[in-house]
Structure formats: structure tokens, C-alpha cells
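Dumping the structure here so I can ask a few things about it.
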Amino acid sequence: MSAPSHKRCVQALNEGLHEVFAERDDVYLLGEDVLDPYGGAFKVTQGLSDAFPDRVLTTPISEGGLFGVAAGMSLRGLRPILEIMFGDFIALGLDQVVNGISKFREMYDDQVTVPLVVRTPMGGRRGYGPTHSQSLEKLLLGIPNICVVAASECHDLGGLLANAVDDDRPVFFIENKLMYGRPNRRPEEGHIGELAVRETGTRYPALTFSGTDFTEASATIVTYGGMVPIVLDAVTELILERELFCEVVALSQLLPMELEPVFESVARTGALVTVEEGTLTGGFGAEITARVQEEAWSDLRRPVQRVAARDGIIPSARPLEDAMLPSAGDVVEAVVALEAVRS
Amino acid sequence: MTGLSTLPATLYARMYFIRRFEETLLDLFAQGKLVGTTHTYIGQEANAVGIVDHLEPERDVVFSNHRCHGHYLAFTDDAFGLLSEVMGKATGTCGGKGGSQHLCRGNFYSNGVLGSIVPVATGIALAEKKKGTGAVSTVFLGDGTLGEGVTYESLNMASLWQLPVLFVVENNHYAQSTPIELELAGSIAARGSAFGVEVAELDTTDVAEVHETAGWAVARIRETGEPFFLVLHTYRFSPHSKGDDNRDPGEIEKRRERDPLQIAGDRLGPAEREGIEQAAEQRLAETVAAADEAPAAEAA
Amino acid sequence: MSAPSHKRCVQALNEGLHEVFAERDDVYLLGEDVLDPYGGAFKVTQGLSDAFPDRVLTTPISEGGLFGVAAGMSLRGLRPILEIMFGDFIALGLDQVVNGISKFREMYDDQVTVPLVVRTPMGGRRGYGPTHSQSLEKLLLGIPNICVVAASECHDLGGLLANAVDDDRPVFFIENKLMYGRPNRRPEEGHIGELAVRETGTRYPALTFSGTDFTEASATIVTYGGMVPIVLDAVTELILERELFCEVVALSQLLPMELEPVFESVARTGALVTVEEGTLTGGFGAEITARVQEEAWSDLRRPVQRVAARDGIIPSARPLEDAMLPSAGDVVEAVVALEAVRS
Amino acid sequence: MTGLSTLPATLYARMYFIRRFEETLLDLFAQGKLVGTTHTYIGQEANAVGIVDHLEPERDVVFSNHRCHGHYLAFTDDAFGLLSEVMGKATGTCGGKGGSQHLCRGNFYSNGVLGSIVPVATGIALAEKKKGTGAVSTVFLGDGTLGEGVTYESLNMASLWQLPVLFVVENNHYAQSTPIELELAGSIAARGSAFGVEVAELDTTDVAEVHETAGWAVARIRETGEPFFLVLHTYRFSPHSKGDDNRDPGEIEKRRERDPLQIAGDRLGPAEREGIEQAAEQRLAETVAAADEAPAAEAA
């Protein structure tokens, strides 16, 4: 589906970092093992410490403390980027996020801002086991006054990262482990492959994909991040094997939630499926569902369906992991089930 | 408070004002004029006053904890902002949003979650170092807060990266109701030096001694750019918060013999001392009156 | 609405602790300042350390470590109860919860169980300010394999706490600061005050309140914990001033979600309002809404409405705090708004 | 592995088997027979083997970290369970759910989040103390893990409550790609004693030395019921995980001169040594064959 000329996502992110470092001298990067030649566990920071030795700090293994250090730097006018090696370890910093980073601006009566970016890879499908495979961004969605961004391989990854650095709010920039190695496929002439694509002009855009050029379709699927290519695969399968057309909304801004593209699409399709890699309960899909059923009640002809990981651990053995995580097949099934009950 | 000719007089004036401010807060609580919570600094005044005198409010940074009023007053001298904040007035330091534990004004910050402020102060020092301002970042923690692991993460980073942080441990021998023997093992000073941080330790309520050692510590930080761990053994005379105190009254009485106000006051002539005290009482009365009249914080 | 003879909730919890300590000698309690005569910041453990000195440990201020210590005790066959002084501080222990406590049983292939109880008070309305007033149980709802219980003043508080100790799963037992001082009003002859009450026979029961003896009503309100008396006040106001009757479902088990009583009530009322004290986005109401709109789609005549705190900090000054947190008036408004759009 | 007449022979046999097991794992990865991740123990074998020989698997408890294979094999001798776990087989220690970093069998546990295991091991010691079993709870941590604050929370609690925890720091001078100079300030040993915990420190790859000191430490814990902080300076010859190694090859070569296998092997007669090695190779080959044939883990 992708031309071989596309750069890989890890390279797009890496170039984004290099650009933002060249443009702004108040940007710093901190994290474990980020120095060259190693360049970070997933190689996103490659070359950065060689180019900007004073602004890249490799750190002790102290995630809790690092969230605090980044907060302190940003309170004093710098723009730190904190790399957390695995997204699973944000749990170690949540006190700083809940009780500090997200609160300082409002509780100090707008006397300060806390512009910082936390970059971290989430997601499974690499057999890393229960503590290195989770999609924990769901835990962040309940925290007011932060921004959660999770771009996909179809987004302008470097640009979004630069936007996050320019943002005056604390931004969690969620990456995906499998995405790193895949091509960063951008829309060309309004298309990615066979699908027409519209992109919002927002800071963290949403992409809407359509196989019918935004005319009629059976359902809208809203998703983000590493699930985007899986959902696009499912959509292709639905077209080819079932002659069912779906629109796909790939959000990149998960919080604060801005769902205009979803409402617009649901107005056309009348049905919605949410898809996320994290576990089902209390996740992305729950909040979207609550908002869409409220705002677009009269457009919805069927209840919103959620596709997500089963509520449990992510096992290490691949067959077990596969059974646990949502697949293209699960998305196909959800859309088909929606059709089946369509009145 | 300015215009006092000698250092002992200045220090005494600051300490006396903090004492009376805190006593006034407890009174206002008792009268039901305040809600929420508060942790007063009564008995520990020599620490804030002795240290902060070496800091420059325009350049240096202080991050304080739940027991922050003494640090705040010593650093900002903003009694009206603090009192009206605690009273929930629109004129408060943070417009009534923060309350007693969550203050911010200029280079002063505080937060109420124990330990969490320590890495933030460390990050502040890192920023100031990178910006080349020469600022010292001071963070105040209690003996109980040494239970929080993030404190050691911070010591390690500050030491490793040679950051200008002044870690001040105010060991008042209690964490809320818990005596130090039940919350802390080993040695406080050794906890600093284990991370390669320079340590000084004082067991005194004499502001002159605190002032001298703190001066030396701050000078050393400015000179070397490296962190310092200042351990001050002290005592609070007031309850932990408002009325919760299970300590042996005899123990408190015994400690009151070393009241820092007494020690510092005895160094002044009676007239000077009285002048200072009267000025403080008057300022406090005016502050209370002004805060009382200030408009309550209102939802937008 | 309550007879003066009822014991206060703090006493009910305290008696529950004393009973469970007398019954089982594998139960331990750990927490900051829990020793007598202090008996804990909110006095729930009063008398316990005098009665069971070997099984009550006052601890250093080390919340993260304490979650781990409790986990270790429970892996080795004891039943620790961990008191976290303010619910806001669970954020310090979330790594232990996410990456340890909730995972051990399943990732170790059912070779172990992790029976432990974390007790902690949540909630505002006391002017304690941004870091001591939150309702953070919402963060727990996204974590698989744990149990979240939040009883109200109308539940058998001591009994529920004993059930939590007997539970082989990790249980978060959420208390409420304002509840402590209020009477523990239990149903008498199927009534609390004027309202008929049904109680499920589950381990952590749900209570359903009705002003019409479970005949017709305009809406169902689902809530829990400290919001229960506020919702009951709203219901009374709705009856007296608007002649609108609502059923109220007061859950005590928030996770895993078991919503039978909600479905049953919605089958009667056709409309649902969710009410929680935590901030809106990503909360209790979102998950309930997602489930109810899916399971009870044909019963719902209107979109589910959510009442919650505004997405922001909880200010210290009382007028600001009041404006931030959901009130009886907000509940009344939501029900009235639902009526207004009723077709 | 039983039936060996002398302690040196027994220790050598255990070390040799661990070495060859780990090398085999790296081969299987290279062949694409394994997925996920793994952290091998090559070069550090003397630590696990020297310590664990003093523990009783039926009574004592071990909590290990991401680099857990050596500890696991030394404590449980369950090579088939471990290999089939890493291979994602239904016969694995945890049925394939845990994988390389998340093992559990009997009194052995491991988890892959650095630091988080330390308070759990402390809680285990508390439980065993309360139950009066006399068990020692051993927890293994790397130099890098000393960056995690919860380690110090645990030291404080273990010391305060006099818990039978053996904290073993394996300082292999690197945390992933980061040399210790960039992650750790001050002194490792002082970090233990600052919390009032008894410390011993060894810089050796000789299993006999580790065995002796560990024996003393375990005996002391059993006698006093108090924690112990055992610091072992060591080195890993293998990459951090599978192929990630930026260290100076000269440095590695130099360290290989002190290969613990060499030191321990030289103490044995050539025939005995060869016998041990052949037995190990045969056992390993059988283990690989059996694990290869074992059924893959399948979703229920």
C-alpha cells in the first residue's frame, strides 16, 4: 500500500527532533540511554546528542524523578522533551502528572505555564510481555489540563512533534513500537492508496479516510496510533470481501477531545465503531461513545461498538498475545455485526 | 521590616512576624474564619529566616512543602497575599485556588504532596544552570519526607549533574503524629553524603547559627555549582495541623526553653525589641483587616 | 432523613476493621499515622493498634513502596490492608498497581493470588485544595484484574470492608471524606426515608432507590460513594418541586462493572443520568454510558447524560470549589434537561 | 548436577550450565526461534551461584529482575521450564504468559520493571517474619536500578522494621548502554549504610569469594533477622539484551581475563571439569530438544 520512497516513521520523528533543536535553543531532551551512538532504545534520538551535546541528557533510571525534573525545567522557561523508554513506565511518573504538571498552571492562577513533552512508545505485538507491551495512554485521558497526542504512520510525524514542543501545555506524545519501522505514508493529492483522505487544519490533525469519496458509507471507525494501519487493512478487506464501505477517522489529539470529524462522519454513516489497542474498560472508546451518543444521538442508528484489547495482561507468547490484542479481523467482525443488526 | 540597622534585629523581626502570623492563623481557624487545612511553622522560624536571608528573591528560587508559610514570608514578605489566599480571597497569591499548601509568587512555589517537589526543584536548578543565571534552587523537606524515594532520585541527579540545589531537611522529629524513630532508619546526614552531596548538620534554634552555616552553604553552591544538603534539627511547638497533637506536653515544654524567638530576642535591647514587636503587631492587624475586607474568590 | 440512632460511617468502618481483625489472624493493616491514640488521619483505625499491636504497622511516608510491601505480604499468604491517607496519593503507587499487583496472578499463570485491600478517602468539599480533594478512583477503572469498591453511607460499610478482606483479588476500597462524619443509614423494611430500596445479593451490593415503588419513573440515576446523599437530595427536590420521579442506583462495585440493576432500572425508565464527583472526561460515567447504550439501546429514549466535576483542578476557596464540583442542583438540572428534550 | 563430591565442583557445574544456557538462548534468538526480548547473565554467574547456594528453595524466597535467568536456574534448577517459557510454550514456567522477564515458580518470582520488585521483596520478608518461618527474602538489583527511589523506601522500611532481606546489588558497571559514571553519584555501599543496613562489598568474579561472603551475610540475617546489603562489583560479557553493545571491545576483552568460569574451572581436575561440562552439554541438548517439541502456548 506504500511507496518504498517513504521514510520510516522513526526517521520522520528523528528528523523532527533535529529540526526543532535547530530552530529553538530552549529545547532539551532527557531520557535513559539517549546518547549517541546508542541513540535511545528505539533509536528516535539518534544523532541528537552528537549534534547538540549540551541539550541532550542521558539520565539515571528514575522515571518518577524525571517527570519532576522536566516539570521544573519547564516552570523556568525551558522546553524539555522527556523520553520514557517504554510507555508502561509512565505509571512511575503519574504522581508528578496528576499532582504537579497538570495542576501548576491552573492552581497557581495562570502565573506559570508548563510546556513539556513526554514522548513514549506504547503497544504490543513484539512479544515483550506483560510489562513492556501495554497501551497505557488510556490512564492519561482522565487527567484534566494535559494534552495527549498519538499520531499514526499517516500523520506528519515530525511536524506534530514540533507542534507539541511549541505547545504551552504539557503534551504526552504517544508513539507506537511497530510504527517506528513502518513507512510514514502521507496523503498525496488527497489520497493514501485507494482511499480519499481529508485532514483537519488543527494543531494535531485528524485524518478521515473514505473509499467512496465521502459519499455514503455503512459505518465510521474512529481510531488512532498503531491501530490505524490495522483498521485500514480491515477496511480494505471489508470493501473487497463484503462490499462494505467504512469511513475511518484517525485522530491524533486524544485529549482534549475534539470530535468534529467524528460527528461529521457519523452524520454521513449513522454508525460508529471505536478501535483502540488498550484494554476495553475505561478507555478511549468509552469516552468517545459517551460524547457521540450525546451529541449525535439523532444520527446514530445503532449503538456504538467498541473494539479493544481484552481486559487482562498482554502475554509474552505470540499466539496468546495475538488472541489478546485487537486485530483487523476483530474490526471486520464489529462492522459486520453492526450491519447484521441494522434495521 | 527594612530600616533595621543590624542583622540580629532584622532576623528577629522576620521571625517574630512569622510567629505572630501563624498564631493569628490558628486563631482565625478557631474562630471559624478559615476552612481547609494549615500547617504552621511555629518553633522552626530560625530555619527559614536564617537561610532565606542569603537568597536573592529576584534570582534564586524556593520550592516549599505543606509547611510553607514561614518560607513564603521570609522569601516574599507578602503577608497580605498569603493571608488572603488562606482565607479564600480573590486577592490571594493564587486567587484562592491554591490555599495554604499551594502557593506561587515570583520565584516561590509550594505544593502539598510530600517528596514530589524535590525533583521539581532539581529540574529548576538544571534550568537555571543551563540558562547561566547563577541562581540557587532551595527546597525544604521534613524528616518524614525522607521516606519518599523520589528524594533520593533527586539527590542522585543533582549530584551527578552538579546542580545548584540547596536541600534543606528540617528535622522536627515528627511526621504528623509519628515520631522519627518510627519512620526513619540510619542517619539523615549520611543519606546526603551517600549520594556524593556535601552535608552540614546543625542542632540549634539559634538563627545566628543557622544564618552562618546557611551562608556558607549558599556561598559554596554559588562557587562550585554543586548541590548541598543542609540538615537542621529543630522542633515545632504547634500541632501538626490545627489541633492534632499527641506529643508529650512535657517534651514540648522542654523544647520551648530553646524557643528561637527567645534566643534571638535576648540579643536585642528591650526598646529595639519592643519596637520590632509593635511594628509587627500593627502590620499584622492591618493585614488581617485588609484580608478580611478583600473580596471572596468567586467562580468566573 | 436519618434517625439519630444510626452510627456514623467512620464508626461502622472502624467496627468492621475490629471484627475482621478478630476473625482472621492473617489480616494486617499498614499506613501512615495509623497508631493509637492518633488512629489515622480520619480516625478509621482508632483502637486497632491497641487491640492488635502486632498486626498494625505505622509506616514511613513511602506510598510507592507501601503498595509494593502490601503486594509482597499478600503474595506470601497474608491479607494486608493498606491505608493511603489521601486518595490523591494513590498516584504514587500506580506503577505497583499497573505493573505488579494487578498482573501477578494472570502473568504468573494463576500460581499466585494477590488478596489485598487498599483503603483510601477521596473527595472534596472540605477546602483542602487541589492535591487533597480529588476523586481519582477513575484512574483505577482502566486497570484490568483489580476490583474497585466505593460504598456509600447507605451500604453496610463494615460488612463490605470485611468482604473486601475476604476477596482473593486486589480490592481498592474507596471511602469518602464527608461520608465519615455522616450517619450510616441502612434500609429498614425495604426503605430509607420515603424511598423504597432494593439491594442486590452480591458481594458488593448495588442499592436501587425508588419513590414510586419501582413502578414508572422518568429516569434512572446511577452513582456511588459520596455522591449518593447528594443525588438523594436531588431526587427529593425533583419529587417535591417538579413532581418528577427518578430511580437511583447506588453501585458499590465500580470494577469489574456489573450493571444488571442499571439495565433493569433503565428498562423501567428509558433514560439514564450518571453522576460522579470526579472530573468528567474518562470517568465512571463514560464507561457506564458505553455499556448501557450498547446493552440497553432499545430501552433508551434519550442519550445518557453525565454529571461530573468540571475538567480542571479543585480550588481551595469554597465558592470556587463548589462551582467546580457537581451539586444536587446539577443533578436536578440534568434530569430536567432530559425531560425537556423528551419527545 | 547433584552427586558432585566437592563444593567447587558443584558451584562450577551450576555456573557452567547457566553460561551455556544463556549462550544457547542467544543462538536461538539469532536463529529466529525466539521472539521478544532477553537479558543474559553471561559473566555474572558467580553471583547467583555463590549466593543461592546458601538459600533453601523450600523456605527462602528470591525476587529477581529483568536479568533473571541465572538467579532462576541457580534457585530452581528448572531449565526446561525457563527455556520453554522463553520459547512461548505451554510447558513454560508461566505457560508462556510471562516470558523471559516474568517468572514464577515456587518461591521464585521476577518482574521486568526496574526497582518495583524491591518493596515487594521487602513485603515478602515482612510476611515471612510475621509468619515466623525464618525465611530470607533475597532481591537482586543492578547498578542502574539504584536510580529508582523505591529502592531507598525499601531500605528504610527493611531497616526500620528489622526485616530479613538480602539486597544484592550486582554492579556490572552499565545500565543498558549507560556507564555507571553517567547514572550513579556517590558510593553504592554508603547508600546501604546510610539507612542503617549492614553492608559488605566485593570486587571479584571468584565464586569462592562470593560464596564465602554471601554465606556470612545469610547467616547474619538468619541470626539477627535484620537486612543486609551485599554489593558485588561484576561485569557482563554479553550485550545488554540481544545485540545492543556499544562498549569498548578492549574493555570487554580485559574483563574476560577474569572470567568466573575460568577461575572456578581452574580449581578442578581436568577430568572432573570435562565430566561436568559434558553432562551440562548433554542436559542442555536434551532440554532444547524437549522444549522444541513442547506444545506452543495456545489461547483458551
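Letters A, B, C and D mark the chains as written, and numbering starts fresh at 1 in each.
One rule holds in what follows: contacts are C-beta pairs under 8 Å (C-beta built on N, C-alpha and C of every residue); 3 or more make two chains touch, one makes a residue touch a chain.
Bear in mind the structure is a predicted one, so any value in this text is a computation, not a measurement.
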| item | value |
| --- | --- |
| Reference chain B; chain at largest CA-centroid distance | D |
| Centre-to-centre distance between chain D and chain A (centres being mean Cα positions), rounded to whole Å | 37 |
| Averaged-CA centre spacing for the pair chain D and chain B, given as whole angstrom | 46 |
| Residues of chain B whose C-beta touches two or more other chains | 95, 97-98, 102, 111, 113, 146-150, 153, 156, 160, 182-184 |
| For chain C, residues contacting two or more additional chains | 59-60, 62, 64-65, 88-89, 92, 95, 99, 103, 106-107, 129-131, 313, 315 |
| Category of the chain touch graph - line, ring, star, complete, other | complete |
| In the complex, chain A residues that touch chain C | 64, 88-89, 91-92, 94-95, 97-99, 103, 106-107, 129-131, 134, 136, 138-139, 141-145, 255-257, 278-279, 281-283, 285-287, 289-290, 293-294, 297, 302-306, 311-313, 315 |
| Chain C-facing residues of chain D, complex | 61, 63, 93-95, 97-98, 102, 104-105, 109, 111, 113, 116-128, 130-131, 137, 149-150, 153-154, 156-157, 160-161 |
| Chain B residues touching chain C - in the complex, by the definition given at the top | 35-37, 85, 88-89, 92, 95-102, 111-115, 144-149, 175-178, 182-184, 244, 246, 296-299 |
| Chain A residues touching chain D - in the complex, by the definition given at the top | 32-33, 35, 37-38, 41, 58-65, 88-89, 92, 126-132, 313, 315-320, 322-324 |
| Residues of chain A that touch chain B when the two form their complex | 28, 54-55, 57, 59-60, 62, 64-78, 80, 95-96, 99-100, 103-104, 106-109, 111-112 |
